[in-house]
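In the two assemblies presented below, chain A is common to both, partnered first by chain B and then by chain C.
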Partner chain A sequence: MANIDINHLCRLAQLALNDAEHEAVRGDLERIIAMVDQMQAMNTDHVEPLAHPLDANQRLRRDEVTEVVDRERYQLGAPATQDGLYLVPRVVE
Partner chain B sequence: MNEFASIGELARGLRRGDYSSVELVRHYLARIQNNASLNTFISVTEDEALIAAAKADQTLQRGKAGPLTGIPLAHKDIFCTQGIATTCGSRILENWIAPYDATVVARLASAGAVLLGKTNMDEFAMGSSNENSYFGAVLNPWDNSRVPGGSSGGSAAAVAAGLIPIATGTDTGGSIRQPAAFCGVSGIKPTYGRVSRYGMAAFASSLDQAGVIGHDAQDLAVVLSLMSGLDPRDSTSSDHVDSWLESVAESGLQPIDEGLSIGLPGEYFKDLGEGATLLEAAAKELESAGCRLTEISLPHTDAAIPAYYIIAGAEASTNLSRYDGVHFGYRCENPKSLQDLYQRSRSEGFGTEVKRRILTGTYALSVGYFDAYYLKAQKLRRLIQQDFLAAFEQVDLIIAPTTPGVAFHTGDLTGDPVAMYQQDIFTIPASLAGLPALSLPCGFSNGLPIGMQLIGAHFSERQLLETSALYQQRTDWHQHHPEVA
Partner chain C sequence: MQWEAVIGLEVHVQLSTKSKIFSGASPAFGGAPNTQACPVDLGLPGVLPVLNAEAVRMAVMFGLAIGAEIHPYSVFDRKNYFYPDLPKGYQISQFAHPIVGPGTIDVQMENGETITVGITRAHLEEDAGKSLHTSYPGMTGIDLNRTGTPLLEVVTDPDLRSPEQAVAYFKQLHALVRYLKICDGNLAEGSMRCDANVSVRPLGAEELGERSEIKNINSFRFVEKAITFEIERQIDILESGGKVQRDTRLYDSDLNETRSMRTKELSDDYRYFPDPDLLPVHLTPEFIAEVKSSLPELPEARKTRFTTELKLSDYDATWLTGDPEVADYFEAVLATTDDAKLTANWIMGDASAALHRDDLEWIDCPVPATELGRLIVRIKDNTLSSKLAKTVFEALWAGEGTADEIIEARGLRQLSDSGALGDIIEKIILDNPHQVAQYRAGKNKVLGFFVGRVMKATQGKANPGRVNELLLELLGSWGQSKGAE
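The block that comes next holds the complex of A and B.
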C-alpha cells in the first residue's frame, strides 16, 4: 500500500486537522485503504465501468429558462452577505 | 387510540370520525414528547402540524380525503423543508433553513399528510448506527443500550416506538433497510430513480434513493405511490411508467397470488449465525404459500464493500465540497484568510466519520490513484450488477438477510470504521446495482428483531410489496412492538 500523505489530502479536501485527529485519521485511512485494496485481486479485465445504476444517460430538457432568481431568499441561509454579495475575508491586499 | 395502528387503520378512523386529524396529531406529539429520551427527532413542528391538521379536517369534512389526508408523518432531516430547519444531522447545517421543499416533501404535503417533525440521522447519512449525529445518538426502542441502525435510525426508531405511523428515509448503502431490521419495522428502498432526489441533500448521487419506513407493506405502498414518479427537477429521476404504483394508494395492496420463484444466494447465508434459522423459516412460509425456492449464487458479493466505500466516498467528497462556510451553514469564528475560513469551517462543522469519508474519497480521486480505485470500483460495480441480472433470469425475487445479526450495543464498533462498514455487507450489493429492496421483520433473537430482505429486479416494486403483503398476511412479526412510555 502506498504511503498516505494526509497533509496533501487535507489540502485537496480543504480540511484542517489537529495533531490528534491527524494521527487518528492516518490509522483509519490505512485500515480503510487496506480493506478496499481487496479489489486489486479481483479480475476486471474487459469490464466496462458502471457509472449509473441503470446505465442511463442524462435526460435532456428543452433549453428554456426554468430557474427563478430569488437571491434574497437564497442568501438567508448564508453566514454573511451584504448588498447581495457573499462576504469573505480580504483576498487581495 | 392504538399508537401502532397502520395508516390504513388511521385513515379509516378519520373518515369514520372516530377522531379528528388534530386529535391524532396531538396524540402523536404527546408520544414524541414522552419518549424524547429516544432522541428520534431533531425538530418537532408542533405549530405547523396543528395548522395542517386543521386544514386536513376540513378536507375530511368535505368528503375529499385521500389515503394520506390528515395522517401524521415525519421526514428524515435530509429532506429540505421550506421554513423548517434541515440539518442533515450536522453542525455545519445546524441553523440552516431550506428556501424550498424537496419534491418528496411537496408531494406528500399535497397528498394531505401532516408533518410532525424531522428525524435524527447519522451526519449526512454516513453511518450504520446513528451514533454519528451532531444531535446525539438515537436509542433502539427494543433495548436502549443498543443502536437503532443507520442512517435513517431516527425514522425507524420513531415508527417502532409508535411515535409516528410512517416516516421517510434515504438509502445509499442500506440506510433504510438496516435500521428497519434493527427496529423491527418495514422499510423499502425503491429502484434508483424511482423517487426524485430534488431537495434531498446529496451524499452519493449515483446511489442515494428516498424510501419509506412503516409498520407494514400496505403502508409502504401507499406512501411510495404518492411520493414517486418522474420529476423534471431531478435529471436522474426515471421516466419509467408504472400505472400499478400510481394507483395502489387508492386501490390498496393485494397479496401476490401467483407462485413466484425465489432465490436464496449462498454467499449471503454462509456465515449467518442466529438469523439463518429465522430466514429459512420465512422462506419456508412463502414456499408453503406457493412460492418455489431455488439456491442461487451472486459470486461478486465480496467486492461490494470495497467498491461501495470507494464510490460513495468519492461522490461524497465531491458533493460535500459545497459546504464552504460561505454559501450556507456554519462559519468558523474570526477567519484569518479565505483558506482559513474554508478549512476551519469544514473541520469544525463536519464530524469524524464525514471527514473520514471525504478523505477516503479524495484519496481515491487523487492523481495517480483514480484508475486503481475509482475506475476499478466502477468495474466491480458492473460485475455485481451482472450477478443480479443473471440471477433474475432464473428467479423472480431474492430473499437475503438484511443484517449480519441483531442490533449491536452503542459504542461497540465506534473505534473501528472497517468493522462498522462490514455491517452493510447484505444491503450494499442491491444499492450498487440500483435494485429495489425492502426489509421486513421475520422474527426475534433474544428479544431483538431480525429482518428479512427481499431484493427484486429494476422497477419490480409491485412484486416486492405484494410478496411482502402475502408474508405479512401469514405471519404477525410486524405486529410485535417494544414497550415504550
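The block that comes next holds the complex of A and C.
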C-alpha cells in the first residue's frame, strides 16, 4: 500500500482536518488508490490516452467584448472591498 | 574551474485580442480595479468558459512563423493552486497537449554569430489577477481585471549559454510577435514577462546542474542583469563546496540581486487534469493553411530583402528590421526617395536621435514619412546641403510645414549657381591677395580658408562641392601654374 502523506495533501488542498477526519480520509484514499492500482494492472499498450471523454470539438467564440461589468453588484457578496478592490487577509510570499 | 551556464526561458506573451480568452470582458490595460472582471473571470458558480477564436488563430500564427508543429488536437487543463488573485483555485492552461509543438528561432548575436534556439512548445493559458500588498494594513487588495487575459507561453529548450544570448533571444521573440501583430510588446505594462531557468555545470559536463527559476522579469536589461547575478551566485555556492537548492526566485532591480521566494513545489503538485468545462480543440488543415497564407513578411525575410534587393549592409538591415515600426517607416520614406542608403542614414541618424531625445516611439514620429522623403530628395537634387538639411529636418520636427514650404519660407535653398557663386568667390579672391599668394606658392591648405569665407558670405548656403570646384578653377585662372605633369 502506498504511503499517503495526508499532511502534504491537506496543505495543497488548503484543508484543516482533525485527527478523526484525518484517519477517515486516509481510509478513503487507500480504497481509491487500491481501485487505481487495479486499473493500472490492465494492459493499455494499444490504447491512446483519453484527454477528454467527449469526442466533440470545442466551439469558439468571436473576439468581441460582450460583457458589461457591474462592479457594485458583483462586489455585494464580497466580505471586504475598498477602492474597487477585493480585500483579503494579507498574503505575502 | 571553468563553468558553463545553461539557461532556458519561458516567456508569457500577452495576446492582443479585443476580449479575454474565455470571457467577453475587455483585457485592456489600465482600467479602474475590477471594472473589467465579469462573472467568468470572477469564477462565480455556474459560469462556463468559451474559447476565443482569435487567441487560437494568434497561437497558430506564432507556431507557423517559427516553423513549429501545429497540433491539430489540443486540450485545456486545470493547473491547481491557491492564491487570492486566482479566484477559481485553478488556472486554465495546456499541459499534455499544447497547441504549438517543437520549433526553432534563429537569433543573430551582435558579434554576427547566429544561434538556433529550440522552442519546446507554446501553449495557451489565462492570466491571473493582480495583488496589491502595500496600501491596506493587514490586507491585500485584489484587482481581477487581468484575470483571463490570453497568454501564449513560449518555452525554450535549455539552449542558451549566456545572459547575452538570453537577451538576444528575448529581443528576437519581441520583434517576431510585434511583426505578427499578436502582441503589443509593451514590456512596461507587462505584455511580455519572462521566467528564466538558470543552472551552471563544469564546462564540458553532460549532466545539468540543479536549477533555480527567476520569475517575472519584465525588461531586456533586467533579464541580462538577473541572469548574470544568478550565474555568479550559483558559481560562488559551488566553488565554496555548497549545493544549489532548487527554488523559485525574484529579481530585485533596486538591489540587483535575486531572492528566494519559495522552494519549488514539484510540478506534480499542480495536479493538472483536463478541464471538463472545455472540449478538445480540433484544427483542420484548411484552417491552418488559411492562417499560413495570412502570415506577414517576417524579420529575417525582410532583412534578407534589405541586404539583397536594397544592397544595404548587414548592420543597417539588422538595425532597420528589428522593430516593424522602424522598417515600415523606412520603406515609406524609401518610396519617395528611391535611395536606400541615404534613407537608412537619415533614419538611423537624425530621426532616431530626435526620437530618442524627445523620448518618442517610431509610431509617434512627428515627421511624416513622405516629408522626410521630400527632404532627402532635396539633398539628392542639390537644393540642400547636408547641413541645411539638418535645419529643415528640425523645422519639420517642429511642425513648421512641408519640406518644400520650409525651404522656401526660410530661404534655405543651397547656392549652386556658378554665376552667383562665382561672383562671390571672385570678390573674396580679390580681397585676400596674401592668401592667394600663399596658395600660389603651393600651400594647398589655404583652400580651407577660402571655403570658410565663401560659407560665411553665403550664410552656409553655398553648395560645398560647387565651391571647391569653382575655387580651384578661379584660383588656377589667377595665374597658378599647374606644375610639372
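Everything below uses one rule, namely that the second predicted complex is superposed on the first by the 88 of 93 C-alpha atoms of A that agree within 3 Å, B and C clash if a C-alpha of one lies under 4 Å from a C-alpha of the other, contacts with A are read in each partner's own complex, and residues count from 1 in each chain.
In this section, a contact is a pair of C-beta atoms (placed from the backbone, for glycine too) under 8 Å apart; a residue touches a chain by one contact, two chains touch by 3 or more.
All values reported here derive from a predicted model rather than from experimental measurement.
Within the superposed three-chain model, A:H52 lies in touch with chain B and with chain C [touch as defined at top]. By the document's definition of touching, of the two partners only chain B reaches A:I4; chain C does not. Once the two complexes are overlaid on the shared chain, A:A20 sits clear of chain B and of chain C alike.
Of the two partner chains, chain B is the only one that A:R73 touches; chain C does not reach it.
The partner of chain A that touches more of its residues, comparing chain B with chain C, is B. With both structures placed on the common chain, the touch criterion links A:Q40 to chain B but leaves chain C unconnected. Using the contact criterion defined above for the overlaid structures, shared-chain residue A:R61 touches chain B and also reaches chain C. After overlaying the two complexes on the shared chain, residue contacts for A:L12 are found with chain B and with chain C alike.
Of the two partner chains, chain C is the only one that A:Q82 touches; chain B does not reach it. Taken together, the two complexes place residues 12, 14, 49, 51-52, 54, 56, 58-59, 61, 74, 80, 86, 88-89, 91 of chain A in contact with chain B and also with chain C. Taken together, the chain A residues at the contact with chain C in this complex read 12, 14, 49, 51-52, 54, 56-67, 69, 71, 74-75, 80, 82-93. Against chain A, the residues of chain B that register as touching in their complex are 96-99, 191-193, 206-207, 232, 235-236, 238-239, 300, 302-303, 305-307, 309-310, 317, 321, 324-331, 335-344, 346-347, 350, 352, 355-356, 358-360, 362-364, 366, 369, 372-373, 375-383, 385, 416-418, 421, 432-434, 458. Contacts from chain C toward chain A in the complex involve residues 17-19, 23-26, 32-40, 42, 44, 50-56, 73, 75, 80, 82-84, 96-97, 131-133, 135-136, 138-144, 261-262, 269, 271, 274, 276, 278-282.
Those residues of chain A that touch chain B in the complex are listed here as 2, 4, 6, 8-10, 12-17, 21, 24-25, 28-29, 31-33, 35-40, 42, 44, 47-54, 56, 58-59, 61, 70, 73-74, 76-80, 86, 88-89, 91.
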